[in-house]
Every structure is written in C-alpha cells, then in structure tokens.
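Below is one structure; the comments refer to it alone.
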Amino acid sequence: MNTRINLAGVELKNPVTTASGTFGSGEEYSEFVNLSRLGGVVTKGVANIPWEGNPTPRIAETYGGMINAIGLQNPGIEVFVQRDIPFLKQFDTKIIVNVCGKTTEDYCEVVERLADQPVDLLEINVSCPNVKEGGIAFGQDPKCLEAITKEIKKRAKQPIIMKLSPNVTDITEMARAAEAGGADVLSLINTLTGMKIDINKRAFAVANKTGGLSGPAIKPVAVRMVYQVANAVSLPIIGMGGIMNAEDAIEFILAGATAISVGTANFVNPGVTEEIVNGIEEYMRKYNVKDINELIGAVR
Amino acid sequence: MKDKFKETAIVIAQEEIATGVFSMWLKTDRIAAEAKAGQFISVYCREGSRLLPRPISICEIDTADSALRIVYRVVGQGTEEFSKMNTGSQIEILGPLGNGFPLKERKAFLIGGGIGIPPMLALAKELDCEKNIILGYKDELFLQDELAEHGNIYIATEDGSCGTKGNVLDAIRENALEADIIYACGPTPMLRAIKEYAAEKDIETWLSLEEKMACGIGACLACVCKSKETDSHTNVHNKRICKDGPVFLAEEVEI
Amino acid sequence: MNTRINLAGVELKNPVTTASGTFGSGEEYSEFVNLSRLGGVVTKGVANIPWEGNPTPRIAETYGGMINAIGLQNPGIEVFVQRDIPFLKQFDTKIIVNVCGKTTEDYCEVVERLADQPVDLLEINVSCPNVKEGGIAFGQDPKCLEAITKEIKKRAKQPIIMKLSPNVTDITEMARAAEAGGADVLSLINTLTGMKIDINKRAFAVANKTGGLSGPAIKPVAVRMVYQVANAVSLPIIGMGGIMNAEDAIEFILAGATAISVGTANFVNPGVTEEIVNGIEEYMRKYNVKDINELIGAVR
Amino acid sequence: MKDKFKETAIVIAQEEIATGVFSMWLKTDRIAAEAKAGQFISVYCREGSRLLPRPISICEIDTADSALRIVYRVVGQGTEEFSKMNTGSQIEILGPLGNGFPLKERKAFLIGGGIGIPPMLALAKELDCEKNIILGYKDELFLQDELAEHGNIYIATEDGSCGTKGNVLDAIRENALEADIIYACGPTPMLRAIKEYAAEKDIETWLSLEEKMACGIGACLACVCKSKETDSHTNVHNKRICKDGPVFLAEEVEI
C-alpha cells in the first residue's frame, strides 16, 4: 500500500499535513502526535520581523466552526530559523514554512532568508483576512496575485505553494493567476471572512470585528473550491477547510487534493492528525486501494 | 516529557453548590497525578456544534483516587451541557494545562472573586503557611466552609448580605489584613485593583488570568495577554495565558 | 413595545419573514405556524413558466448545514397567481414574492404579471447557484446586477428587493450596484456554493454536483456581509443565513438588518418562525428595548 | 385541519432485532392516533451538527397506548444516535407524514425488501383480506415471525440461507403466487422489477418510494420523483414523495 504523494518534486510519506497557524511549529503538539508520522508540518505564518498580532479576544466559537483574528502574531524569521527549524529537523517529516508579509518585499525577505535552510516547501499566505495591509489584498486580485507569485518564485530556492483565499467570486481565476505566476503548488482554502456579535454585550465577539471562519462548517465550500481548481489548473493542491477525520480528508482527495491540511480539528482533538494518517490507511485497506494516488480527483 | 493528557474522564459525582454553580468530581486516568493548584483542564462538549474546549480551573486534586474536582458556573451552552451530566457520564478532558501557582510558604493572601474562587481551594490545601483567604461574592456564597478549613476566611459581598459590603480589598482594609505574598484569581477589575494595591505595598503578587482559548497548549496564540517585557517565546510583548500562565507575576503583565 | 419595521414604505408587524424556497407558499407550514404572526412570507422562487428543477438527490446534510440544488422547480407564475396568492391573502402578513428567471425578460414577465396583484414586495433572486443560465451570473457581476435591477425597477409596481449572492469577492460592490440600479431593499445572503462527496460511493452527494450551503454553519459569513453592506449603502436589509432562533435573529439586526428571513431552521423545527417572533419580544422585554428600530445596526 | 404534529416522544423500549437493525417503541402524544400504515415520521437528531430529520416508516401503531413502533437499520450517524437511546429517552419527531397505503381488501401481495419490510407489518395488521407476504433479505431475517401472524409468509434471501435463493420475484414464481393487488416497499431495483412484473400481469400496484428529505411536509421540493403526468400541485412532472407519497400507484411514477 502506497501513501506517498508528491508535491512539486517533494515526496511526503503521506498526504497529511498541519494547517498553518493551528499547530505552531509543532512543538506543543509533539506531546500528542508523533510528528514523524505526518507527511509534513506547515508552520504558523512567519514574517521578516516580529508581529504583535491583534488585540484580544482573538477567537470566538461559532456553530460547527470558529472565528479567529490572531493577526499573524509571529516571532519574526530570525527566531524562527534559530529555534523552530532545528526543532522540526529532529523529525522525519517535511518542513513547510508558511510565509506572511505586508509588502512584496517583506515576503521576499523571508523567502531569501530561508534559501539555505533545510526547508522543503514554502507556503505563501496571500489570503489572511485579519491584517490590514498585504495579506488578503494580494489574494483577492488576480493581477496582484500573479505579480507577487512571480517575485517570490524568482527568489525562492524551494518550491512555492500559493495559499488561496476563498473570499473571491471565482477561485479558478485566482488559481490560474498563481499558476501563471509560477506557483508550484496551490493550497486552499484559507478562512472565510466572518463576524460574530454578542447580543447580550452588544459587542463584536472578536476585537478585530471580523475574523476568519474555519472548521467543519466551511468544509462544503472548501471541497467545492478544491474540485473547481483541480479541474482548472494542473498544479497539485493541498486541500483544507474543516477536515475533522480521515473521511473528510479522503473527501478532499477524491475532489482533487494531492495532500491535505488539518487545522481547527487539532483544537478538538490534539491527536487528530495521527489518527487521520491511520484512518486513511484503513480506508485504503477496506476498499483495497493500492496507491493513494489513485484516489486523487477520482470523483468528477 | 509528556505531562499533558487527553482522556475520557468519568463523572464521579456532581452537585449544584449554589444557584447555577456546580461542583463536579472527575475520575481521571493520568491527569490528576500530574495536576497542581492553579492549573486548569480543557473540557470538551459532546455536542458537535460546539468545537472548542472550555477551560476550567482545578479546584481540588485527589491523587490517591486519581480524581479531580472542578467548580464552575453555568454561563453558556457548554457549561449548561456539563451541568446535565450524571455520575458515570463520560467527559473528554485535556490537562493538566498551564503553569500553576508557585508555592512560596510566606504569610499569604489567597484572594478569590466569584468563579475565581475554586482554584484557591487547591492552592489553600497545597500551601503550608499562614493564610488569609479573602473571598468576594455578588451575593450567594459557595466553597467558603471548605476554604475555612485551610485558613482564616474573610468575605466580601457586593450586596453586603455577608461579611464586608464591597469588594475583596474593602474586606482586607476593614480587617486590617497583611501579607508577604498574594495569590489571586477573579474578574479582571478585581485583579487590576489588587495589582495596584500590591504595587503600592510592594507585595509579590501572582494573578491568574482568563482569555478565550482554542488549543489550550500554547500553539494557536489565541489567548495572549500583554507582557511588560518581550516574551522569550513569542519574541513580542505577548504571553500565552494557556501555557505561560494562567498565573503571572503581577508586574509581568498588563491587565 | 414596537416591533414594527419598515421596508421601502411597507410596514411589517415584526421583522420575521421566511426565507425563499424553504417555506413553499406557506400552506404546508400553516399547520405549525400562525402565518398572521409573521412579518411576512417570502415565497419559493417563481418564474414566468413552470420549471422542472434538478435531478435527485437534491439535498445533502453537511456539518451544521445542508446543501441544496433544487434547481428552482416552480409551477410558473400563472398557477402561482391563481393558487398561492389567494391562499396567502387569508392571513394578516405581508406577501413577498421571490422571482427567478433565466433572462432579464423572464424576470420582467413575472414582475409585470404581478403588477396588479395584492403582493407587497418582490424579491429578485439573482443569486441562485443551482441553475446554469441566469441566476447567479447576474449576481456575481456588478454591471449585470445594476442593469437587471434597472430593467426590473422600471416595470415593478411593488418595491423590489434584490437578493445578493455571497459568492463574491466584495459584497459591498454588489450592494452598491443594486442600489445604483434602483433597488429598494437588499436581502442577503443566498447560499454559499458548496459540494459534498460520498466517499463510500465515490460520488457527488447531490446530483447537480454543487449546491447551495445554508444553515447555521454559514451564519458568521452572513452576519459579516450584512454588517458590511449596512455600512456601505443606505438601503434597508433583510438579513438571513443560518438563523436558528431569536438570538441569531437579533444578531443580524444588531449587525444592520431591518428584517430577517428564516430558512433551513424550518426543517429543524417547523414552528420556529413563530418562536422567533416571541423570542425577539422576550429579548426586548429583558433589555427594555422600547422599539426594535433602536437595535438595527446598533453594534458598529 | 391540523393532522401533523411535532412532539417530544418518549422511548418506551428499544431492542436490536437483527445485526444493526433496531426496533423502537415510542410513546407519542398525538401522532399515533392519526397514523396509518405506509406513513412515516421524521426523527430528529439530538446532535446539533446533524440538522435534518431522518424519515422512518411506521412499523406498528398502537392507538390504545398512543404508541408507535419503528424498525430501522443503522447506516449512518443519525441512526447510530437513535440506536443508543434507552427507555425513557426523549426524541423529537414529526408526523404522521405522507399518504399511507390505500386499504383495498383484495387478494394481496405485501412485498418488503430489506429495511422496506417494517411498514408491511402495519399494513398487514390493517388489511383484512388474503395476504401473501413476500420478504426479501440479504441474509439475516427480522420481523418474519410477527408478519407470519397476519398472512402467508414467503422468504427470499440473496445467499439462499432461508427460503428461495434470490429475490422476492423469484420467491413469487417459485411458489406460483398470485394477487389482485400489490403493496411493496424496498430498494429501487426491487421496486422497478415489481413494477415491470405488475405491468405484465396488469396488477394494481402501490410502491413506497424513498428520497433524501429536508422539510418532510411538501414545502422544499427536495424529495421529488418523476411522475408520468403533470402533477397538479407542482405543475411539472414531479411529485413530492414526502407529501404526495411515499406511496404511489406504480404507473404514476417513473423509477
């Protein structure tokens, strides 16, 4: 039984990765999960310099989901390179660094700093709804997306994954723009912009007013977008959005994802990523699937 | 170095000890053995539309029987769900989480306000020194008798129905109490007032803070508070309440 | 205590209406709800001629929501005028007819046919994701939306509500286009396009492949869009998307909705609309709100 | 003219009558009094992430005790949830829904396939005429003894472990059975074969159909089937299974 998949020349032992921002750099969850069992660890977004993030409350629970407006708090690339990469190198898993920035230069600075680092893939977050500058602005305009993809691609030593925002009219247009810019892989979806109001306090539930909706509530939107993109471009896709268990992971793979990321589910069950790895293997045994690659995009 | 566990605990007993305030004893597999006063557990809902665990302080630890006690107020649907559980119910929990109170055996104030009172019981039991325990309530009392077994109790109620009319600081002043160290848990305005009082009197003070949480283990950065210095982990002025706290030295944090 | 609200000159006794397509023309639910207690009944979309709709399965349950691809099956405007309007006239509630079509002419034909009918408001569905032509195409392009709004407005004898699609990059752009075209009221949101795959059958859960995601799962997106639109245009808004109870209804009102519609919740509890009317009154009593209009957009 | 009710029923008893097949008796307030064979109820999940009610046929009606019986197979999470309920559990239901079987007292076939068998029990009890009851199973039998009290039983099993090896039509042919009217419920391929058989023999045939449902009362148009003629309500070639059915005259519908 083969569970290995290939993302732009990088072989993951299985399609299961962690969704950026929900898993730190893996240290905290390493008490619950053997990181070496995962296809890859996608780190929390890191910028060229440290970011303080947004005021609290930064999260709110919603029906079958949650809103977050962390605001990309991060220690900056220097601390990350010195602390988080060596930590992750202890494990037999791929290291996928999620990169954020306010300007194209910010992104490029991070990407260049990582050039000589033992990092396998770079995931470029151009779709964070929770910071004012940069972030989602790049992710909602195909021309901007293509341009920034080009700039980053020029400088990146590792294959680049462009992470798409679902807050767009036509996700395939964005996917094609990223492809045109030279993206090696696409990941989707980032969070849907949402809001919650506390009717007793008559106040916004997160200080930032709006935040990103994640969790199983958004899964149908995510599956639809993965399907649409898989049928529009020829790049491999990392699918995510509401994956809670192996069944959900397989749904994304059948829709066209080569790999998947697990986000909000970690908060519901800190051991979930490893359970998903096992569950995918069980499904393959049950249906006698010899190679996971047979399942990718198998429903059309 | 695994010191946190996700497990299915069993409800040993549950009781409503004041209007809407429930005391629940949980049989745990490994969590109780690791737990310390001031730490908390994440309690998961069974209802799948509520994904995030509820952080609840540890109120008592019974290592012999591998049991934990929590005392919580019903404020929303999650705590409502917990309050409906009976002896034998299964409940998913994650813990023990956070740092806990440092046990410094000096003349201490243990100050609890409202639903910040429960962790003071675990602390009072672990702390072997002279303890003045000051409890602030709106009106209805709970846990005061059990706390009285471990120190001198002073009560403040907003409506004056018991003890000092006013807040915990009013009770401290009214009784001319003094301490070398303060441990406190309760609503932010209370903690803020205590921080100020302690700064004036130059008393070492440990505050237990609250914030909305997602992961509960320090990974998601949902639950930060502002710190005076750049935090060594985050590299910015933010500390994670779930991991670096919930207990902080008062002057370390901005509240 | 005043619960009356005003939509373009039409006074509803309270802000509670039914979401189009979930309540038929009210007859079936009249066994569970006193329709005269509702602010208004919004009917299932009706076209100029009968439509067969999509093949089955037309729906699938998702986490905290559902996907539907009914495909706007309807008996056509003639049957509707002869049967459904007289039925609704028996009740002391406002009649809001939801109109669908494939071309601008289709819409106009329905609107003209309704000119002399005892109908209070027309809700124009330019946002249905489940029919190939028309529908959402109008609702995803601001120019098309403005143009069709103009054409309909010219012919309509009743005030028109333009119902917006959430499947857009910038909902305020769409709202402004509808306003520019002469819309009297906006309603939002229609469903988010979603997909579900049955991993055991390796097949799409709804025959149409994609469908519209509704229910509490989408509420944060809906509240966010209502808030954004309320702060972008000066038209009254009918808010909807995942309203399950009075608390949810109030959340939309605080975000900026003048009225609200209840859709998927009817399937969970056929008496829910009346319970929401009662629950809003309770909230007003609890917080001593004299006039519901004080709550509209009160959180900013 | 209110004849449908949403109520909180109480589980009187529940039993697993075959592997994964459960029989549940429900105490209702008003639904049992209105129910007829061939109708169904919508059963709501408690778990809030599952919003839509599950349509389940009425298997027995006890008007005296205002009780209803349902028999269902665990196929997904909703039926799994129901299977965990105990005597005394509360369960929200809506019903009775649909039209039910017309009771025509002529020499009848009652044909049930798999989980389409349960409604045949209510029908067999209500129908006062000569009844040949043909039951198709994969392997494990259920309800056959109870049905035998109301007519002549013929069994077909796919694996041949009991009765005729094959399907219900094989059993009919093997036993050279005849009828003036057919009532059938079961998987679509079975219904399709019966429709064909009945057309050949020109036998009046009533089929109970299934489709995914949302409202269950005819409002949402989720559960349609294709009808031969333009339907008077929908004005197109679609009938609503939940309201106009689930029981249809075979020649009325395309399956």
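Letters A, B, C and D mark the chains in the order given here, with residues in each chain numbered from 1 onward.
In this text, a contact is a pair of C-beta atoms (placed from the backbone, for glycine too) under 8 Å apart; a residue touches a chain by one contact, two chains touch by 3 or more.
In this text, all values refer to a predicted model and were calculated from it rather than measured experimentally.
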In this assembly, which chains make contact with chain A and also with chain D? B, C
Chains touching both chain A and chain C, listed by label: B, D
Any idea how many Å lie between the Cα centroids of chain C and chain D? 35
Chain centre separation (chain B, chain C; CA means) in Å: 46
Can you work out the whole-Å distance between the CA centroids of chain B and chain D? 55
Interface hub residues of chain B, defined as touching at least two other chains: 48-49
Mark out which residues of chain A touch at least two other chains, giving numbers and ranges. 63-65, 216
Mapping chain-to-chain touches, which pattern fits: line, ring, star, complete or other? complete
In the complex, the residues of chain D that touch chain C are 1-4, 6, 44, 48-53, 94, 211-225, 233-238, 243
Quick one: in the complex, what on chain C touches chain D? 21-24, 27-29, 31-32, 44, 50-53, 56-61, 63-66, 68, 70, 73, 75-76, 79, 215-216, 264, 266-271
In their complex, what parts of chain D are in touch with chain A? 48-49
Listed in rising order, the residues of chain C that touch chain A in the complex are 62-65, 67, 140, 167-170, 192-197, 199, 202-204, 209-210, 213, 216-221, 223-224, 227, 242, 244, 247, 250-251, 254-255, 283, 298-299
Would you tell me which residues of chain A are touching chain D in their complex? 63-64, 216
